[in-house]
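What follows is subunit A paired twice: with subunit B in the first complex and subunit C in the second.
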Partner chain A sequence: MTRYFSLLRIFLTNSLQLEMEYRINLVMDAVNALLSFAAGLLVLYAIFDHADAIGGWSFPQALSLLGVFMILEGFIEFFLYPNFNRLPDYIRKGDMDFMLLKPVSSQFLVSFRYIRLWKLPELATGVFLLGYAMTVLDTLSVATLALTLVLLASAAAIVYSIWCMLTTTAFWLIKVDNLPELFYSLFTAGRFPVSAFPPWARFFLTFILPIAFATTVPASAAAGRLDGGMAAGSVLVAVFALLLSHGLWRLAVASYTSASS
Partner chain B sequence: MPNTGYPMISVKELSKHYRVHEKAPGFVGSLKALIRRKHHIVKAVEQISFEIGAGEIVGFLGPNGAGKTTTLKMLSGLLHPTAGEVAVAGFTPKRRQRPFLSDITLVMGQKQQLIWDLPAADSFLLNQAIYDISESDYRRRLGELAKMLGLDGILHKQVRKLSLGERMKCELAAALLHQPKVLFLDEPTIGLDVNMQQAVRDFIADYNRRHGATVVLTSHYMADVTALAKRILVIDGGRLVFDGDFKSLAERIAPQKVLKLQFREPQPETVLARYGELHGCDDLQAELRVERSAVTQIAAQLLNDLPVADIAIEEVPIEEIVGQIFRGIATEPALRPEAAQGVS
Partner chain C sequence: MIARRLRLVRTLLGTAAAEMAEYRVSVLVWILTGTAPLIMMMIWMGLAEAGPMGGYSATDFAAYFLIVFLVRQVTVAWVYEELDREIRLGEMSPRLLRPFDPYWMFAAQHLTVAGMHLTIALPVALLGFAVTGAILPLRPDNLAFFAVAVAGAWVIRFNMLYCVGLLAFWTDQAAALGNLIFTLYIVLGGALVPLDLFPAPVQQILAFLPFAYILNFPVQILLGNLPGPALLQGFVVQILWILLFIGLRQLLWRRGLRQYAAVGA
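Moving on to the complex of A and B:
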């Protein structure tokens, strides 16, 4: 276990070293994060100009949801994208061979290798927005904060697992750039509470592609409107998704080693 | 010191077959392939058996696509065999257990594990963590490897700025920090200049002497294999066609050497044919095949008798030797695959 912690430390230092070469990106992305923040706010203002609530969520509650959405979007850009984006190349160019011959988990090596540090502003903006919404809603307490953090962690695990599974198909399909993009476009539905969608879409976003657990559920906790069932469900779904992604990974590696040349 | 007591690697009737999809060229072909996939079986490795003792250096020779890399990948656990048994250092490679992976290493001349945009030293630190190497062991081993490979001054340059040869030296160091018992080297000298090839060869021999590691290497270059390996396995068409030392292979299969000549003025073929078997004569250039034992004498004669501008003595190309082995199968019982075991 300590081995994995020292590996994470090294991955972090390596990423920092690599990022130094692209300092200009940090500035660009700070601007980008602010723009995306402004665009998100504008949409909310436009909607609340015509209605008092969407799907039963008031304006400040919807702000907390936008905060959670931005945190997870940041998490994807900051951490998931730079790692899994490289998987098809690992397979084509043979890096995968070296990873499979290391006495540590290959899924770990692929998942945590890089972080895109300059994507931090987006994450930070999300945290700020969530904090602001919670202050307005007067829900800031140790208990809600702890619950929100746990549910954010589950949300991150769920998004990680879905992304991992989609990219793992690269072992069979080799070129899979479109799949994560597809997920990403569906993920943008997470800007709005699931209750705002028609029943069939709500069903899809909860049970098929569990985006509801990624954004609506943590935001509900932060906004002080969570039901316990959904909270427990979120943790269960996260554990299940992680196991599923690991299972698929093992299957993919087994197929890779039995078929590649 | 090498100790060749017990087998470190044992392979019994190992086979690897692939299903390959066929596709006619062009758009229509792609469309057809989409609807109805045709495939056939390629036998990349077919019923190979051998044993390699601890501390041995063994060279796999064979033309492209012969099955060398496939065999190496099965030995290291990257490929599951279709049939047959493999044991390396007491483990079954395809299970890729952690203690097994700590006992072996794989270096591929055409692929790299070093982080491209960072100095090699950072890749070394990464491997230190991956293999859980203590700080004192790490320092001692890196010091030894740096000295043996002459890594001074290149460890802290970004890998992408290194020459091909420097990069290969760093690849070797990265692959050996955990002090594996078995080294699988796939074309470790490919693309390197002659000096660097020599340096890599010397290092491998030296490392084997110091640590008694078992080395299995594949190469296109005859010189790699002759300089390092006392024992050679020739693989062609997925079959093991020779297992023995180089001397008996070369003498039996290629009793001749190649003399490449460059003249100051054109020479008639009839004159050249007196010195040896003429293999191509083109204006100012000629290639002669001469008996191994007589090569120096004939070279001296040529320099004396004719207006020679340049002369080079070379081994018969490996592809040709392997080709000859195949033509020899019909007549030479010792080179049949089933008799390959134990030939020396």
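Moving on to the complex of A and C:
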């Protein structure tokens, strides 16, 4: 275990050094974060210009949801994308061989190698927005904050697992390297409370592709409208998804035959 | 001369089609990533269940977003990513040895993919109309104008993103800029909210940006929402953007090549 922690520290230092080489990216990514914040806000304004609620959520509640959405999107850009984006190339070019030779879990090596520091503005914007919405809603207390954090962690675990599983398919489908992009585009649905969708889509977003647990559930906690069943379900789904992603990873690695070189 | 040109076009299109057939599953997944308009369709239809919103009934929203979905699929453009990569990594060099501007090769690639997208997206959109019960007031003249406007939209979007990609001659932020423009296009083109539901000041700004003419304009034509003068005005603005971006494209290409040669590959 200590080995994993010291490795994490080395990866982090190395990623930071790498990012310092590209400081100009910070400007571009900050602009991008502001823009996507403005875009999200504009869409909400357009909706609430003509309606009082969306799926039973008021404007400040919808703001908290936008905050959670931006946090998760930031998490994807900051952490998931830079790591898993490289996996298809590792497989195609045979670099995966070296991962497997090292005396630590290959899933760990692939998952935690890089971070994109300059994607922090988006994450930070999401945190501020969530904090602002909770102040307006007057739900800021130690208990809700703790519950929101737990549910955000389990949301992150769920999104990580889905992303990991979709990328793992690259072991079999060399030519299909864009399945995560497909998930990313469906993740847009997480901007809205799951109750705003028709019943069949609600079912899909809860049980098949559990985006509801990624955004609606943590935001419900923050907005003070959580039901206990969904909270417990979120943690259960997170544990199950993590186990599933690890199982699929081991299956994939077992069938890996390396690139001929 | 003309025969040679035609042969070039046929060869380019054939090569592009062969390349894309190799990655057909990948192309299918890309089509599915364009589902944001369908997600928005469900949201707006749900909101309009109690009664029309800003003049749109639930089925109006369905028709609007299904057409948006279709137009987005046909005007797909990712050329800035390719240009950015090829210029930064020097992969552009061998292309320069060929006796024609790589512009035509990229155009052929994009048109082929647009065709592939159409064959999938059209049945999906028709199915959408059947499921939602949305009605399209189809008129032959609107259909013809729609086709012209979509072609115009394609030319604007392709050349705009080509210009962005050519910026890679001077900066390594070209791809980031392209992604930024994509966000603007999605929001300000009308893929998330029908533009006439935006507050009036926003709508006034939109008239001076190209995005509405790439997406909202053709969609509104097919929905039969544009009276004669608005139609004419829309086409005039489209032509202005086309001239601007084609001119800018040629300028950037000539200047950039000088820059590229100076760096040496």
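Just so it is clear, the second predicted complex is superposed on the first by the 254 of 261 C-alpha atoms of A that agree within 3 Å, B and C clash if a C-alpha of one lies under 4 Å from a C-alpha of the other, contacts with A are read in each partner's own complex, and residues count from 1 in each chain.
Rule of thumb we're sticking to: contacts are C-beta pairs under 8 Å (C-beta built on N, C-alpha and C of every residue); 3 or more make two chains touch, one makes a residue touch a chain.
This is a predicted model, so every value here is computed, not measured.
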If you stack the two complexes on chain A, which partner ends up touching A:Ala232: first (subunit B), second (subunit C), both, or neither?
neither
Is A:Thr257 touching the first partner subunit B, the second partner subunit C, both, or neither of them?
first
Using the touch definition from the top, say if A:Lys93 reaches subunit B (first), subunit C (second), both or neither.
first
Contacts for A:Leu173 in the overlay, against subunit B (first) and subunit C (second): which applies, first, second, both or neither?
second
Please work out whether A:Leu101 is in contact with subunit B alone, subunit C alone, both, or neither, and reply first, second, both or neither.
first
For A:Ala189, decide between first (touching subunit B), second (touching subunit C), both and neither.
second
Between subunit B and subunit C, which one contacts more residues of subunit A in the superposed model?
C
Please indicate which partner A:Ile10 is in contact with in the superposed arrangement: first for subunit B, second for subunit C, both, or neither.
first
In the superposed arrangement, does A:Met28 touch subunit B (first), subunit C (second), both or neither?
second
Determine where on subunit A the residues touched by subunit B overlap those touched by subunit C, and list them.
none
So, in the complex, the side of subunit A touching subunit B is made of residues 3, 6-7, 10, 14, 17-18, 21, 93-95, 97-98, 100-104, 257-261
Residue ranges of subunit C in contact with subunit A within the complex:
22-23, 25-26, 29-30, 32-36, 39, 42-43, 45-47, 53-54, 172-173, 176-177, 179-180, 183-184, 186-187, 192-193, 197-199, 202
Which residues of subunit B touch subunit A once you look at their complex with the stated criterion?
18, 44, 70, 73, 76-80, 94, 96, 98-99, 101-102, 104-106, 108, 110-111, 113, 115, 117-118, 122, 125-126, 129-132
Which residues of subunit A touch subunit C in the complex?
24-25, 28-29, 31-32, 35-36, 39, 42-43, 45-47, 49-51, 54-55, 173, 175-179, 181-182, 184-186, 188-189, 192, 196-198, 201
